[in-house]
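First subunit A sits with subunit B, and in the next complex the same chain sits with subunit C.
Right, the complex of A and B next:
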């Protein structure tokens, strides 16, 4: 062609003509759905406390229930629809983490229990675990050094 | 002296291979789209009775080959070659779909432009006297493509508005040295064009410069004017890519807005939640085999320039921060044989 843009000009032009995500709408949806998921978590937490369980058991039980809900909705083919609507609102809570582990497990079942489910289950959640655990170790070292 | 070559990229055919039959099978979403009536079959389950997406995609290809051969009223043995490709690693949909056919086979990869590449190679085999009948097939499957290129299906994530939806389906055609048309009269082989786009969620913008480059070369090489054709139809540029292609060509003095159409925009309705449009090897193949072939056969269209487009990326290249090289192949299909100089 005769008139060819530079790659830089082309990138700027593409940015101009490509539609952007609807940030305001998506943020509002994330706020409402994320808040609602946390309310469900709070409801279970309050209920367990009322049953007379101590703080540690209450926290663990609440997490277990929320993970169960996240995995169940994933298995029922519903969590992806929720995620499409809510975006970060359903990714950030612990139910989203459960979805990130359960969804590759379902997807890769066709490659078998070891190399499929076993090896691929942490495809998406893996980096979160690696860097989450690494950061907590670093934070722990700082805390130790500050205390002594 | 290459008497069949025009300019740098175009081949002018003299034997005019005829497209004697086409077949298309699509998935449930495509079967609810605007072109539903033109496909031979729409299956209502993406697994189609198989245990994995990949096996289902192979079945699409196997069934399309059987269907197109039966629509051409020929025996499978009458095929001299099958040329096929798909999006999966090592082209397993084609390799496994074709394995029982017992016909000499070329497996090719041109991403979503594969059907254009297959038609060009098939036409060249016939033109060169190496084959009488050649089948060209491609397939793609939304689920197997998502699994390979993006995220698991059940992951709750949002798609970008410029993202495209991989078509589930397979399209096949049979080219023959004899037949009553439509004929492949000339084709322009694309070059790899990379304008530095890295975003795999904006494949239309990555592919548009390749489409514009090939279309421009076609008119430059042949000396034809765009309105020679009734329709110029690209593979899967989607909303964003189609608009960019129009802009790029118009800044080079080629105005084709009225003629330009895109298979990715034709196969789905904008209400079907596919964002920028359809994509995949099956997109251009099913739209051609289903809709465009019907229009040509009925004389509603007489001359089209079919330009399947492909983004030649891999998940590894994306993760390594590479830009997306793209390609487009143009095939001129006409109801009359015409005269090539």
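Right, the complex of A and C next:
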């Protein structure tokens, strides 16, 4: 414990402590909201599996439903509010990817249907696809070379 | 019943942990969300290629597949599967084949949303 003598000491003390406690708070929020979104995903996965669908169809349908939810909440202006609270908890799940596509698409509508909506929806999704796809191709080539 | 409860708890815990990692990166490194997403997809591809991520999926279920690292997992798994099936061509077809549903849904729903909704008024 630190003795706080003056206003100045107090300010120093707050400065020293608050960045950390803020990170702890943000991380906790990200954990809870991110974990909860994944539980919703688990619910849909289990439901589709129970309908007798195979693994591949189940995971594709789960992605579609979660993305539909993410886009819908974005269109209703609710996902931004969730993001202010949850930070990475709303960015990292696939609903956050859906938000990253829908949000600029809606926002840049005024720039037109082609260069506004059509182009801007890939503002963040574009880099994700570029790096994700490229790395999966490299991984596939390595797999091929190691087998031959 | 008990198994299902464990499944949900695992999804919550693993999914929460992956998102927490993203939050720590945002707070400590000032990485923008776009960079976090790129990093997480890439991490997912690499960890899957190294054979690590499948184990996380086996435990975490949706907790491992719903975060963006799971998108990387699907990309890499798809590329591997198609390479085993079709040879080198599979490296080019597998990733997109495995993730087609999600990417197509994101593009299509976002387009519909952009056409139907007005942007939020700047406050």
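In the analysis below, the second predicted complex is superposed on the first by the 127 of 148 C-alpha atoms of A that agree within 3 Å, B and C clash if a C-alpha of one lies under 4 Å from a C-alpha of the other, contacts with A are read in each partner's own complex, and residues count from 1 in each chain.
What we mean here is this: a residue touches a chain if its C-beta (ideal position, glycine included) is under 8 Å from a C-beta of that chain, and two chains touch if they have at least 3 such contacts.
All of these numbers come straight from a predicted model, not from anything done at the bench.
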Next item on the list: Report for A:21: first if it touches subunit B alone, second if subunit C alone, otherwise both or neither.
Entry: first
Next item on the list: On the superposed three-chain arrangement, identify whether subunit B or subunit C touches more subunit A residues.
Entry: C
Notebook entry, point to check: Of the partners subunit B and subunit C, which touch A:10 in the superposed model: first, second, both, neither?
Noted result: first
Notebook entry, point to check: In the superposed arrangement, which partner chain does A:144 touch: subunit B (first), subunit C (second), both, or neither?
Noted result: second
Next item on the list: Would you check which partner chain A:91 touches, where first means subunit B only, second means subunit C only, and both and neither mean what they say?
Entry: both
Notebook entry, point to check: Taking the superposition as given, does A:41 touch the first partner, subunit B, the second, subunit C, both, or neither?
Noted result: second
Next item on the list: Once the structures are superposed on A, label A:82 by its partner contacts, choosing first (subunit B), second (subunit C), both or neither.
Entry: first
Notebook entry, point to check: Touching A:132 in the superposition: subunit B (first), subunit C (second), both, neither?
Noted result: second
Item checked: Set intersection of subunit A contacts, subunit C complex versus subunit B complex -> 22, 26, 74, 77, 80, 87, 91, 96, 100, 102, 106-107, 110, 123-124
Notebook entry, point to check: Which part of subunit C faces subunit A closely enough to touch in the complex?
Noted result: 4, 7-8, 11-28, 33-34, 36-38, 40-42, 44-46, 48-49, 60-63, 65-72, 74-76, 78-80, 82-84, 87-88, 90-92, 94-96, 99-103, 105-107, 109-111, 113-120
Check: Along subunit B, where are the residues that touch subunit A in the complex?
Finding: 51-54, 147, 151-162, 195-197, 202, 205, 209, 212-213, 216, 240, 243-244, 247-248, 251-253
Item checked: Residues of subunit A touching subunit C in the complex -> 22-23, 26-39, 41-46, 59-64, 66-68, 71-72, 74-75, 77, 80, 87-89, 91-98, 100-102, 105-107, 109-110, 113, 117-118, 121, 123-125, 127-129, 131-133, 135-144, 147
Next item on the list: Flag every residue of subunit A that touches subunit B in the complex, lowest number first.
Entry: 1-3, 5, 7-8, 10-11, 13-14, 17-22, 26, 74, 77, 79-84, 86-87, 90-91, 96, 99-100, 102-104, 106-108, 110, 123-124
